[in-house]
Amino acid sequence: MNKFISVNDVPDLAAMLNLVQDIKKDPFSKKKLGENKTLGLIFFNPSLRTRLSTQRAAINLGMNVMVMNVGTEGWALEFEDGAVMNGTKAEHVKEAAAVMSQYCDIIGLRSFPELKDRETDYSEKVFNKFVQYCTVPVVSLESATLHPLQSFADLLTIHEHKKKARPKVVLAWAPHVRALPQAVPNSFAQWMCAADVDFTIAHPEGMELDEKFTGGATIMHNLQEALLDADFVYVKNWSSYKDYGTPLLNADDWLLTEEKMKTTGQGYIMHCLPVRRNVELSDELLDGPRSLVIKQAENRMYTAQAVLQSILEELHANPNPLLWSERISSFYD
Amino acid sequence: MNKFISVNDVPDLAAMLNLVQDIKKDPFSKKKLGENKTLGLIFFNPSLRTRLSTQRAAINLGMNVMVMNVGTEGWALEFEDGAVMNGTKAEHVKEAAAVMSQYCDIIGLRSFPELKDRETDYSEKVFNKFVQYCTVPVVSLESATLHPLQSFADLLTIHEHKKKARPKVVLAWAPHVRALPQAVPNSFAQWMCAADVDFTIAHPEGMELDEKFTGGATIMHNLQEALLDADFVYVKNWSSYKDYGTPLLNADDWLLTEEKMKTTGQGYIMHCLPVRRNVELSDELLDGPRSLVIKQAENRMYTAQAVLQSILEELHANPNPLLWSERISSFYD
Amino acid sequence: MNKFISVNDVPDLAAMLNLVQDIKKDPFSKKKLGENKTLGLIFFNPSLRTRLSTQRAAINLGMNVMVMNVGTEGWALEFEDGAVMNGTKAEHVKEAAAVMSQYCDIIGLRSFPELKDRETDYSEKVFNKFVQYCTVPVVSLESATLHPLQSFADLLTIHEHKKKARPKVVLAWAPHVRALPQAVPNSFAQWMCAADVDFTIAHPEGMELDEKFTGGATIMHNLQEALLDADFVYVKNWSSYKDYGTPLLNADDWLLTEEKMKTTGQGYIMHCLPVRRNVELSDELLDGPRSLVIKQAENRMYTAQAVLQSILEELHANPNPLLWSERISSFYD
């Protein structure tokens, strides 16, 4: 694997699931693999779970980690080609990405959408520009439209808890107090459609996701009907894709409760966290025995480790007669 | 040791002092102990000495360290049970603590008091809620009411410099320009009362500390009388416990000077730092030969190392037939 | 080497260039040298390249690194002797520097000028006070008036690309939208004057640098004339030294373009980054084959490694019969 930006970068999902289960049994067995390799984690937006889980994953592999919070520690970047940079932006992404590639063997990058202009966000302008000028493998720590490390952990959690070969998985829209990106639900849908599950998305009318990620899913607008016989219910808010970035407020009837879960046949509850208790999900569900949310978070570490291990193996397999510095420069040639 | 939140977590003070003196002689002798173990340092409030000394202590033990400044890098946490989270708080401590426990083997936590409501601060609500939902050992990096890593370093410094078996130690209130927590003096009093010293607290009337920490101490309101024959003078400001959080201003006569120290019989000067020069203590004392303030700071590293070593030894002693991930989840069961 | 604050700390430039070229061939050959040594990187001002390159250099040497952003993570320091600290400054540099020296084996420090009072900045008050109270070797990560790690990387880049024994190097002033320090051009001039190059500085009248750094350079006010037959053109903005801290605005005719470079005989383009595209330098030059800017950035890592290696070797050579803690305290005795 030479990058991890969406499910499409995974050549074989089943093999990846096997790999991560081996890693869970012995997380430190590949510490030689990361020796003398450094992971740079670049955050244009804040992070808790993703930062700590990915950092720990790299540590388990024997890598060193350098964390850079660009917002607070760095400076504003210019992304436009040909810009006359006489404003507040101090550096062009061309230099920033190329320079960071000199110091890191793998770069993890987080860049949220602005939720103002759909075309800009969905072109993944910031993320793609950065990747374009990086000369080392890039791992998405959540981009404007996708969050593949989260979805991989979600798939693993389902894989570990499913009681039938092809479980019913429901992605259930939930209320929230502010406008959230579509990255998590887009990505979850993309991974579920790639995996062998019976996949339903339940959301209020008008909250459709981009069809490019939901092909193969059953779409329903009645939450209670969607939940029938569900094995896994993945709860998540998102703002509108159609009326781009607008939050749907006053939708309290979409709060998921124990009462609504009764028709699911003991379905598990999932959420990517952070979760707004008693707004998205009731306390009773989150604190109850069928909540998988902490296990999902734990799996973030092991799935990130599987991704980094796969990339490190490719870096090692690529024979390197050149100087280390020259190898990096020619990685994408 | 499976946590370090107050002096009560130390089963044997004399044994701990012996351990830290062994560590000082050879700080790197236990590097195998921390192998594959990660310390998470979580700061709700900023830190310099505590962060660097604890980070270095962990490094000396072969641990990896992940630092998270929650204020600037993370988000506001909810601490109320049953809250409907429709405000600005993005995550409940239940999830935050449980999730961080997945990625760390030991967690260090700093959380200052708000100095608004005494009951809230003295119930250690933030700290205790966090510990409650952590599933790994927790080390206090200073809580609302105590700072045990500082006090341990203070005790070691006294132990190393005392010239008689039972030295006279004076905790002397000092002026400051703003309202400070009582955590350092509370904790120092608690440790001095647990150790074998002749302990006096000198403060202006009305600046009494919580009696639960000062039992066994002699309380005096005349600084000069208190200093008589003192072997160690620990200088520290705190705001009022009675009139909670109110600073005592215009108390310049409590500034400690060489002149006032004359009756002490060459007593040593101590301060936890940062110190306001010529407000709390005069330059001549801080720059003079009897100042131990830099040695106290140095001892922060070795005492933190003794605490982490004791916790690591318990983690290793605890036989672990389960998967690593399962052991963590069951640590407090 | 026991500090690295200017070119004057390098006993033999040619030997240092040889060392760094050995390092580039095998960056991990000295990993034992940094074992059990910790580098503290203290930033009073933000950093991207310097932080990441120096951190990676230390990692390559087997060191541990602790990064402290004093602005956002710490507190304001007092630098005046004898100050009555009743204002907003929470700690005196005397304590801060002495304390950090307890936890680190080498300290890297960044402190920008205020560009308000020339005498204050050019006395390097902040930097020198810090160094004065440090008890371990200090590496400048850019001070008010110099940036030696940058200049060393610049010299290496010239050394690697020169086609004649004594190349012509031109430092060309360039426009910018705000007032920048003189640290990079001062330092570049100091290193070029110490090395064996034909060195010209081109700037608008009134933008003279401090003569103490430019002795030996040819000064010209006509950019086009200065560029004639240049082998290397180092582009950089700075604010006025004479009319201290004032930026020279509306000087678009100093923007460097392909057209202006025609008389140089295929001269290379250099810049320390970050660069304002199409304000300082045109896109065509930055994206063209003669741009060395990314190679300069890469060389930052290797030159920092040479500096750290030289300091580590001195730390090891200095026999140490004392306790580790005592050795540190006595380093500058």
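Per-chain numbering from 1; labels A, B and C assigned in written order.
In this text, a contact is a pair of C-beta atoms (placed from the backbone, for glycine too) under 8 Å apart; a residue touches a chain by one contact, two chains touch by 3 or more.
These numbers were taken from a predicted model, which means no experiment stands behind them.
Peer 1: With chains as vertices joined when they touch, what's the shape: line, ring, star, complete or other?
Peer 2: Contact map by chain: complete.
Peer 1: For the sequence-identical pair subunit B and subunit C, what is the superposition rotation angle on Cα atoms, to the nearest 5 degrees?
Peer 2: Rounded to the nearest 5 degrees, it is 120.
Peer 1: Can you check how far apart subunit A and subunit C are, centre to centre, with Cα atoms defining each centre and the answer in Å?
Peer 2: Taking the mean C-alpha position of each chain, the two centres sit 38 Å apart.
Peer 1: Mind pulling the residue numbers of subunit C that touch at least two other chains?
Peer 2: 72
Peer 1: Spell out the residues on subunit B that touch subunit C in their complex, using ranges where they run on.
Peer 2: For this pair, the touching residues of subunit B are 24-25, 27-28, 46-49, 51-53, 55-56, 59-60, 69, 72, 177, 273-279, 283, 286-287, 293-294, 297-298, 300-301.
Peer 1: What residues on subunit B touch subunit A, complex-wise?
Peer 2: Subunit B reaches subunit A through residues 36, 38, 40, 64, 66, 68, 70, 72-75, 78, 81-87, 90-92, 94-96, 98-100, 102-104, 323-325.
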